[in-house]
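Before anything else, here is the set of structures, which you'll find just below.
One chain, chain A, links the two complexes that follow: it is found with chain B in the first and with chain C in the second.
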Partner chain A sequence: MSEPVSLTTDRPGQADTPKPPAPGRSRRLTDRRLAVAFIAPALLLLLAMSVFPLLWALYLSFTDYSATRGGPANFVWFGNYTAILTSAQVHLRALTTLVYVVGAVGLQTALGFTIAYLISRRTRGRGLLTTLFLVPMMLSPVVVGLFWRFMLDAQFGVVNSMLGSLGLGQVEWLTRQRTALLSLIVVDTWQWTPFIMLIALAGLTAVPKYLYEAASIDRASEWFRFRTITLPLVWPLLLIAVLFRAIEAFRLFDLVYILTSGGPGVSTETLSFHVYKVAFLGFNTGTASAYGILMVLVVIVLTQLYLRYLNKLKED
Partner chain B sequence: MRHSQRIGRLSAALLLVATTVAACGGSQDDDAKASAPKAPAAIPELTKDPLTLSFIWFEWPPAQALEAFANEEYKKERPNVTVKVNTVPNANWHDAMFTQFAARKTDFDVAILDSQHIGEAVTNGNILDLTDFVKNNIDVDAYDPYLLAAYGQFPQAETGQRDENASLYGLPLLGDTWTMIYRKDLIGDKPPQTWDEMISAAEKCQADNPGVSGLAFHQANGSDAAAVTYNTVNGVYGGNLWDAKNRKIEGVLNDAAGQEAMDVLVTKMKPLTAKGSGNWFIDEVNAAVAQGKACIAFNWIAASGGLLDPKQSTLGKTREQILGKLGFATLPKQKTDLVPLGGMGMHVSAYASSANQAEALSFMKWFEQADVQKKWAAAGGVPSRKDALASPEFLNAGPFNKVYADSVPRMRDMWNVPEYARLVDIENTNVNAALNGAKSPKDALNDIAKDQQAVLDSSNRKGGGGL
Partner chain C sequence: MAVSVDEAVSAGPVPKHAPPTRRRSGRGRAIVEVALLTVLAVVMLFPVLWMIETSIKENRDVYAVPAKFFDFDVTLDHYRDVFVSSGLSVSFLNSVIVAGASTVLATVLGVPAAWAYSRFTLKAKKDQLFFILSTRFMPPVVVVIPIFLMYRYIGLIDSALGLILIYTAFNVPFTIWMMKGFVDEVPAEYEDAAMLDGYTRLQAFRKFTLPLLVPGIAATAVFALIFSWNEFVFAIFLTSSDEVRTAPPAIAGLIGGTTVDWGLVAASSVVFALPVLIFAYLVRKHLVAGVTLGAVRR
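For the complex of A and B:
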């Protein structure tokens, strides 16, 4: 058996000394080259599928290129970016997206944490309950959108049917301005609350038991234990879950497409849905690329601010 | 080691540059294909090898009818050819075709385009120019000139006419228009003759029959649903969609007639529809009729066949029983007698292989023959040849076919311009907003006119196109 080889070379002041290849291996195939050979396919794939499209989109975002019209891409420099940032249409979609993200992620966090907290206090059937709660998360958003569309149908949907049997009137869930956005939030919450629950449950199970035991000896109340032990220890993990969900919610497309098509009018059109229309209805590829780049930038900036807050929280 | 790291970075950068250059390389070709390539005047020699001729359409009964019909009848002529009609959901239809056109590679040979898509496809060079082919192979006099123009001509023909000097890029596949579907057992055998009468009849029927709504029509904001509804009422009330010659929409669409049409639609018609019907399109309207939940409905003729199927209807156990309750009529008149032009034409993809393009031309020549058009009519299709339209095969195939034949001289189309997809989206979303209380009728119409005009005027704009 050969000796383990160190993969790090960061020894200051010492030149790298090439290791002799293992017995039976060509002398030219050093460990370094072998490592490069192993990494190369993944690296090439990453370059071709992620880095290149991103750079290509960045280039197109400064042009008036249209994928269907073809022809040369003429530089308009920051024309696309200025138009997007000053467009009232974009501002409207940004506001809708913001309301949606805050509403959906807020509701999911509250519900997810509550469910996780209640499950964590159970000793029997915890595994089964967790699995059952996770089912919505495993479904395709398109499938979720389709069956909620049927359930929320004003005429024959099961939701209105239940409301009717309770003596309440019919609600136009998907075709009224206020209820349509609320419906989107509810459906997204139904599907993604389990995600927050799962992360919160992991955090809750990781809280050392001796802390609670010590608190019990001190006769601390339930609320006091929750406020001073549970929440502070789970909070950083919960915030990471919120970050993931917020990014996902920010780029919501599928549920809007299936449930409301952005309607009534454009009142549930999110930024992603609007980018889709710019890209594929008019095939204004340059504008759509700039729009996409701006959305990525917004996510990056907000994530950085968020992570800084998270680090500060840890340091405190 | 540093040297090898540098080489690694350099290779990655070179790879990126090479990929970028390769991707940019297409632009020279794109320039060369700025207009539609010409199809040969005569059909080239056809292959004897097995060949699949692929169409692309949206999912609805005529798509299945076409595939079955073509494989039964065309196979008699060309046994080595199989016809495949690929379908996508209606809302994805435009995207499915034009994203492939954008890639300059299509997995279909024949695109079934809506009449309004032709401008976009021709301008981008996505479909073949069939002018010479049509001259040598198609008897154009056999057609209603407007139908031939609507499904193939670009630039767009004036309503009801055909410009014989204009180029043709497609041939008719399926004609269509709206039919009024009415409950004979609830409002009487005689259909309303004017739009005002129709609204009154629906109002009375709704009041007399609790649980049945007066009207059912397209209101969704996807595809062209709500837009066609408004355009229909606009036409009936004497409005115009635009001044095509001067490319003017603002001040034309939202003139007094246009405002009256929007008022009628939102304040008189909408209250007679079922609650929550603000996202209804073809299937939902058909479902309401089949379940006996609507007194009067409007739908495309080509999508109405299922209404007579007892398995899908609660109105009767046999076709005759259903027909005892349902009547089909041409749209009521008001200030004009205009009806919407629907239907689609066949267009050959510029990116199909030459063997498949040749086969597509052969199919089109075969399909447009008089006897084949009659068989297509009998199989559930809606032909465009005058002889087939007047034939008993067509008129007896369905109760709504006479409605189509009577509607042909009354048809009006939307705008057939490269900006169509954006124009229809603006109209759809705003009409849908007005129908669902998100905008006042006046604001919605003014917004449509302003935004559509901006789209037409923005062709020379630098940056931000499409917002």
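For the complex of A and C:
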């Protein structure tokens, strides 16, 4: 019923176009208007909530503004940037972050790919297994952080309890410099191994069966098949997963905040956590903004890399 | 090692014996693989099981050394505490409101945009889409500094609306990317045919494409819901009062004091995580696309 009605109301609108042969053109015009009307609200929100704040941070990064002191912001130009780039503190945090990112993502990739490979070789119970393995990934970092903090507790934590019953000594997981960073890596690995597994599994199951059949007719060895069929076909997807995880690990904050709060000392302070301390505990908003902008630059480089590989994958 | 030996045998000059050898060692290998998988699954799932166990343990068993795996006294007191005495129920309600509202907003803004990106030829479309996705990758700790100042200026600090807006901004890129994939799967010819029948482009979208997109919209919305529900960084910096706080910072606040009631932490974590797991199970088919923010789809 409504269709003919809307049809008639639509006619006058089209009758406004002066010449009859123009409808194609006018439709393209309304298409454009429609596209703008549909896209603009989303883009405006992103401009207001993502781009504008970053531009503001860029402005603040050239000043000595402090959120608590208030007052006018004085331009110090690249003062904040040189201070950060030459600071030994920041270098230490960068190293911690690097160790953390490489350690965690490396472990996740190795474990995740192994699990995916093992699952892909099973014929039964694949769905159930995958579902079970995916649970950690869906949990909030808050839940993960809190719970591992309890499990790694030196006195009544279940991890030490199990080590004790195996006759091994107690480890102060979160309160020793060395083990704290290791714990952080382990917890992150626990949570995100399923991510790599999921994507690797998607790649592995997409490998056409006939390739393996052809290879086994040719009596190709297992390792040869893995190296020449499985790996090249899964690699592009795996690379995307790894890059994605690297970006996420680089900007990680919540797990550090809950699990160790950067301690003991500064042994688990990543760059993200340091920015937080400078901004919200030191209230050096200008310096923190410069720090943040530098982090954003790193993320942009990583993201470009990620998007480039993604694009390549899509075009294939 | 065993593999290479096996291959050497099967490649041997007596092909008649090769098949049984290979099958038997194949079975041995399968057993090893299943055992390995089982061990890995137990390791991955143990913390979750331990969390559930802790949430139903009597307090003295929670802190028992050595840890009690099976012979503990069961209680539901911690769950009662979550909803009655801890004040967490307000935070849970806030979480529902903030996550729900931001998801609805992101869907309303994102779905039409995704459709437009899928259907129309636009200037630098690929660049626009990449730009949109890259806003999602900004480190939250960095974004929160200017957002904090901005909100303080316009009075959105410690308000549900402030959280809803920033969560929407973080979910819109995801919604656009995820939904564009779903729209791409619906042939544009449907709309062309409808337009030949006299419908306008907008009507064709509403009457023909949109109904086909409903499952995709549902899956996308569920992921947006999960992201907002789990979000912590913005929540902790942009809100402070108990009336506005969402569940993640509230649960994290449970460990602030000198003594920590780990039973309560475990119970509230279970209550917090359960809806996520259920929702994630519902959208398991789209998990790969969902967790890569709509970028990878197979």
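Everything below uses one rule, namely that the second predicted complex is superposed on the first by the 272 of 316 C-alpha atoms of A that agree within 3 Å, B and C clash if a C-alpha of one lies under 4 Å from a C-alpha of the other, contacts with A are read in each partner's own complex, and residues count from 1 in each chain.
The working rule: a contact is a pair of C-beta atoms (placed from the backbone, for glycine too) under 8 Å apart; a residue touches a chain by one contact, two chains touch by 3 or more.
Treat the numbers as computed from the prediction; the structure is a model and nothing was measured.
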item: Partner chain in contact with A:P208 - chain B first, chain C second, else both or neither; value: neither
item: Partner chain(s) touched by A:T131 [first = chain B, second = chain C, both, neither]; value: second
item: Partner chain(s) touched by A:A288 [first = chain B, second = chain C, both, neither]; value: both
item: Chain B versus chain C as contact partner of A:L118, first or second or both or neither; value: second
item: First, second, both or neither for A:Q155, with chain B first and chain C second; value: both
item: Which superposed partner A:P232 touches (first chain B, second chain C, both, neither); value: neither
item: Touched partner set for A:V143, first chain B, second chain C, both or neither; value: second
item: Chain A residues touched by each partner, larger count belonging to chain B or chain C; value: C
item: Touching partner for A:S87 - first (chain B), second (chain C), both, neither; value: first
item: Touched partner set for A:F195, first chain B, second chain C, both or neither; value: second
item: Chain A positions touched by chain B in one structure and by chain C in the second; value: 32, 43, 48, 51-52, 56, 67, 155, 279-280, 288
item: Footprint of chain A on chain C - complex, ascending; value: 3-4, 7, 10-11, 33-34, 36-37, 40-41, 44-45, 47-48, 50-51, 54, 62-67, 109-110, 112-113, 115-117, 119-120, 122, 126, 128, 130, 132-135, 137-143, 145-150, 152, 165-166, 168-169, 172-173, 176, 195, 198-203, 226, 229-230, 232-233, 236-237, 248-249, 251-252, 254-255, 260, 262, 265-266, 269, 272-273, 276-277, 280-281, 284, 287-288, 291-292, 295-296, 298
item: Partner chain A, residues of chain B touching it in the complex; value: 1, 4, 8, 12, 15-16, 19-20, 23, 26-27, 30-31, 33-34, 91, 94-95, 98-99, 101-102, 104, 120, 123-126, 220-222, 274-279, 293, 418-419, 421-422, 425, 429-430, 432-439, 444, 455, 462-467
item: Touching residues (chain side chain A, partner chain B) in the complex; value: 9, 16, 32, 36, 43-44, 47-48, 51-52, 55-56, 59, 64, 66-74, 76-80, 82-84, 87, 89-90, 153-155, 160, 170, 172-177, 260-267, 277-284, 286-288
item: Chain C-facing residues of chain A, complex; value: 3, 6-7, 10, 27, 30-32, 34-35, 38-39, 41-43, 45-46, 48-54, 56-57, 60, 67, 111, 114-115, 118-119, 121-122, 129, 131-143, 145-151, 155-156, 158, 161-162, 164-165, 190, 193-195, 198-199, 202-203, 206, 219, 221-223, 237, 240-241, 244, 247, 250-251, 253-254, 257-258, 272-273, 275-276, 279-280, 285, 288-289, 292-293, 295-296, 299-300, 302-303, 307, 310-311, 313
